[in-house]
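Look for chain A in each of the two complexes below; its partner is chain B in the first and chain C in the second.
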Partner chain A sequence: MKKLINCVPGWAARWTLGLLPFVLCLVLYLVASNARLAENQHDKLLPSFSSIAGAIDRAALTPDKRSGEYIFWQDTAASLWRLTLGVGISALSALIIGVLNGAIPYLRAPLSPFVTALSLVPPMAILPILFIVFGLGELSKVMLIVIGITPFLIRDIQQRVLEIPSEQLIKAQTLGASTWQIIVRVILPQTMPRLLASVRLSLGAAWLFLIAAEAIAATEGLGYRIFLVRRYLSMDVILPYVVWITLLAFLLDWLLRKISRLCYPWFHAQTENA
Partner chain B sequence: MALIEIRNLWKEYGSQVVLEQLNKTVHEGEFVTIVGASGCGKTTFLKLLLGTESPSRGQLLLDGEPMVAEPGEERGIVFQRYSVFPHMTVLDNVVLSSELKSSPFLGRLFGKARKEAEKSSIEMIEAVGLGHALRKYPHELSGGMQQRLALAQSLIKRPRILLLDEPFGALDPGIRADMHQLVLSLWREHKLTIFMITHDIKEGFYLGTRLWVFDKHRVDPQAPNAYGAQITYDLPVDRSAQKTAEKIVSPTQIKLAVGAA
Partner chain C sequence: MTGSLRTFVLLLSCFAFFASTSAYAEPRKKFSICWSIYAGWMPWGLAADNSIVKKWADKYGIEISVVQINDYVESINQYTAGKYDGCSMTNMDALTIPAAGNVDSTALIVGDFSNGNDGIVLKNKNSLAAIKGQKVNLVELSVSHYLLARALDSVGLAEKDIKVVNTSDADLVSAFNTADVTAVVTWNPLLSEILAMPNTHAVFDSTKIPGEIIDLLVVNTETLKDNPNFGKALVGAWYETMALMSADSEAGKAARNAMGKASGTDLAGYEKQLATTKMFYQAADAVAFTKSASLKTTMQYVAEFSFDHGLLGEGASDAGFIGIETPVGIYGNPKNVRFRFDPTYMQMAADGKL
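Our next item is the complex of A and B:
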């Protein structure tokens, strides 16, 4: 008998084992839901799959009676737009500031402590300020995401730039590179995959800020809908929305990972050897 | 005229003297190998030549002019590791220097200009024996091949001096022997002036035309940092010296070996 640490599951076993917890949760839900519905058929806490399917049908497949829109897709589009805009702005500004901070000591000296201080401000605490300054429109929601994740991204990128071996920077200088050329040819390309990695890590926080902002002031969006139907205890809507948000988060993460592997094969080969 | 002149060169960090009173002249085409115990200042000396450190006292002249205390085009460098850019293919690594020269803003060349730059780069890459690996990334190359690439990358700039910081320290003995042949042939062909730090005295004798031993002349046991290292031996190396190299195992034995020869 091999030691436990040396027993590795094969392909089929890994998939089966990986799916097992999901199946168990589903079964557990079904049993609990049936038990509650048997007691009270109007129970709203654990709706049956058929009533969830009904809710999905009403939200996603039939147009809203009042507006004629498909609420579910409208919410999804609104949320994804805010999220990608917020994350995009954050990533771009973090790339610029982070790379400059990491590369140029005279910029790092004044900016680095300031960014560190900024990153410690709890973004949710300044959400009211954002609503006051930017109004209740799209801008304040996007700004919350930007303010929430940019300082983290900047600090991470700065750190990654500082981790580039000094030998490379010296070598580039002996090849005749100027400061600017070192940034565009040596530092920036090596920072891109690292930026994608930190964006993936910050997506969780971005979703958090998005849903929080939508919950407080919005007229559409996934977070808005969840908090709206909470008033009616509509678990049949909340549950599929939560699953959908999780799925979107997973897909975004997967997409970023694919892009990174496709565009920066040298980076992934490097990190796996290390 | 001398290529490099070292005039009363000192390097101190606070009260710690690392190098003291170096006076040497190096002519074009010399291959200087530098040996010495760990922490005796040979890397500091290389950093002075490279320009990442500046002398505390004295002067370091290149072609009669003080050397700029910043790494520049007249110096080529190959480190023990991290000398090539991991995000560029072999070809891109070597083409880089001409791209930097002709394209100050983007640092990139396209179309015809790029093709032109590639031509001489490919010749250089073939000269170091990497012609089959043009499109490969450094992580796909072995340690020895990465060092070959680093050499090609530096040599295409035609540097006035080439600095090698234990370039073969991390390689297997067999590969190292191949690299010795490569360096010697490149040195002859391009008439290079080379400074090479090595831990391996035999390598020092085998490759160099001149061998420097860095060591402290005086040691005060109460203040080990009070005196810095000097070049205690400056040996012209010829075939007979290479034979004495066979007998030598450690720097302290040089004295005995040289005395016997």
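Our next item is the complex of A and C:
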């Protein structure tokens, strides 16, 4: 008899099994929602799919009565802009600091313990200080993401640089490479796919900080809308927004993975499934 | 397989049960109400701690649990979702959250109205008209927003003349320290904290719209109808607590001190908050206020504001979509009354019939 660990589902079975939990969630929701709606047809906690569809229509497909804007797309654009800006700045600074930290012991000595300590400070706990330094505008929202994920990225990149086999560095030196050449030609190319991998992992945290920032002070954004209508228990608006955020996060993750596979196929050849 | 199927069915039935527990309408013995920290609602904590609620519940042969919830909006949402039979809230939130969510609600106790507890503060400017063109930080769609709308109205401005920035109440005080923030609308104790900073001017407050921001104890209308004893016990407990806290005796002072501590300040701090809150210590005063014609006008303003901001639900066709019953008459659609001011029980307290 075949051992359980050797039973691999085929293509069709994998899809079916993969979709199963989602279908179960939907069914559970439907049952619970119907039970509540049977009592109060205007129940707001678990609205029916038709009222969710109505809310999507009002937010995404009809211009807002007051401003004439499509608030759903306006929120999405504002949030994505803040997120990409925050993650972009974080990735760039993490790449520079992380590589230098990993490559140059005299930079690592003062910076590494500090970055480690910094990465352990919960940014949400020092919000009032962040407000006073960065104000309440767009800057503070981007900065919350940057402060939240950069230290983590720096630590990761530094670690990856230190994991580069010393034989490579010695070989480059015997071939006459300078420190600068080693950084640019040996270390940097090997760090890039690893940076993309850590950025993918930090996206979840980045979303968290973005939504927290938008909940505190904002005039638009996905997090702003959710916290605004939470006051009125408008789950018919909140639930599609949550699904949309999940989808956007999934797409960003998928996009980064594609870029990584396209630009650094050698990396994915050694670590399949990464 | 059968095991996991059983778990699934069990989960399903749990959900169904959970969702249907609020269905029971026959007379019950156990009730629960929730409240959150605010000057005018602190007596609920006192009444629970001093067993006043228990005494009155025992008198009517029922049980009432009084639960404090840290987040105000969450407490209303829990009530609207059917987890509690009653909850402390303002007149505007009672209209826009439970009533708009089709939970027929009755204002059982009219506890107080804001008499300076809510205000608009400008940095470096000392007239309300100077607010024009500024960004105004406030909790959007809250009573602060309503106060702002009424204030703008009073100087011939409209909401389009300013820009509202939704700001969490927890962060409003620290936000005011930044250069970006030049105008805020908020409530006490945040208001007095902000006014204690240099170059701040209170340009408008709720004393200019007296009796419009009302703090209530709202209960589920159906539950009240089926269980009058629930209403009697709550009202009885409330006015006993009112007598205790307003007394000029050692016991009264101790009560105010306890409420001050519970709300994170001290006796002096709490008495300062009470000074800007018009408490109805006497049931008769609350009844007179509820029966006055101005209550209906106030609810009309509140309904109009709520409709303008889309708070009456998407099906609402006009400000009168949800009927509001007051002793002088119904505002709005009499066929869709979902929010009621009912002085019956407070009248019983005033007449000493509880």
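Note that the second predicted complex is superposed on the first by the 270 of 274 C-alpha atoms of A that agree within 3 Å, B and C clash if a C-alpha of one lies under 4 Å from a C-alpha of the other, contacts with A are read in each partner's own complex, and residues count from 1 in each chain.
In this text, a contact is a pair of C-beta atoms (placed from the backbone, for glycine too) under 8 Å apart; a residue touches a chain by one contact, two chains touch by 3 or more.
Since we're looking at a predicted model, the values are computed, not measured.
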Query = For A:42, is the partner it touches chain B (first), chain C (second), both, or none of the two (neither)?
reply = second
Inquiry  = In the overlaid three-chain picture, which partner chain does A:218 touch, first (chain B) or second (chain C), both, or neither?
reply    = second
Key: Which superposed partner A:178 touches (first chain B, second chain C, both, neither)   = first
Request  = Scan A:243 for contacts with chain B and chain C and give back first, second, both or neither.
outcome  = neither
Task = Identify which of chain B and chain C touches the larger number of residues of chain A.
result = C
Task = Look at A:233 in the shared chain and tell me whether it touches chain B only, chain C only, both, or neither; answer first, second, both or neither.
result = second
Note = Intersected contact list for chain A, partners chain B and chain C none
Note = In the complex, the residues of chain A that touch chain B are 165, 167-168, 170-178, 180-181, 184-186, 189-190, 264-267, 269-270, 273
Touching residues on chain B, where the partner in the complex is chain A = 50, 52, 70-73, 75-77, 79, 81-87, 96-97, 99-101, 104-108, 137-140, 150, 153-154, 157, 159
Task = Using the touch definition up top, name the residues of chain C that touch chain A in the complex.
result = 8, 11-12, 15-16, 18-20, 22-23, 73, 77, 80-82, 96-97, 100-103, 137, 140-142, 163-168, 171, 174-175, 177-181, 310-311, 313-314
Query = Which of the residues in chain A come into contact with chain C in the complex?
reply = 24, 28, 31-32, 35-36, 39-46, 54-55, 58, 65, 127-128, 131-132, 135-137, 215-219, 224, 227-228, 230-233
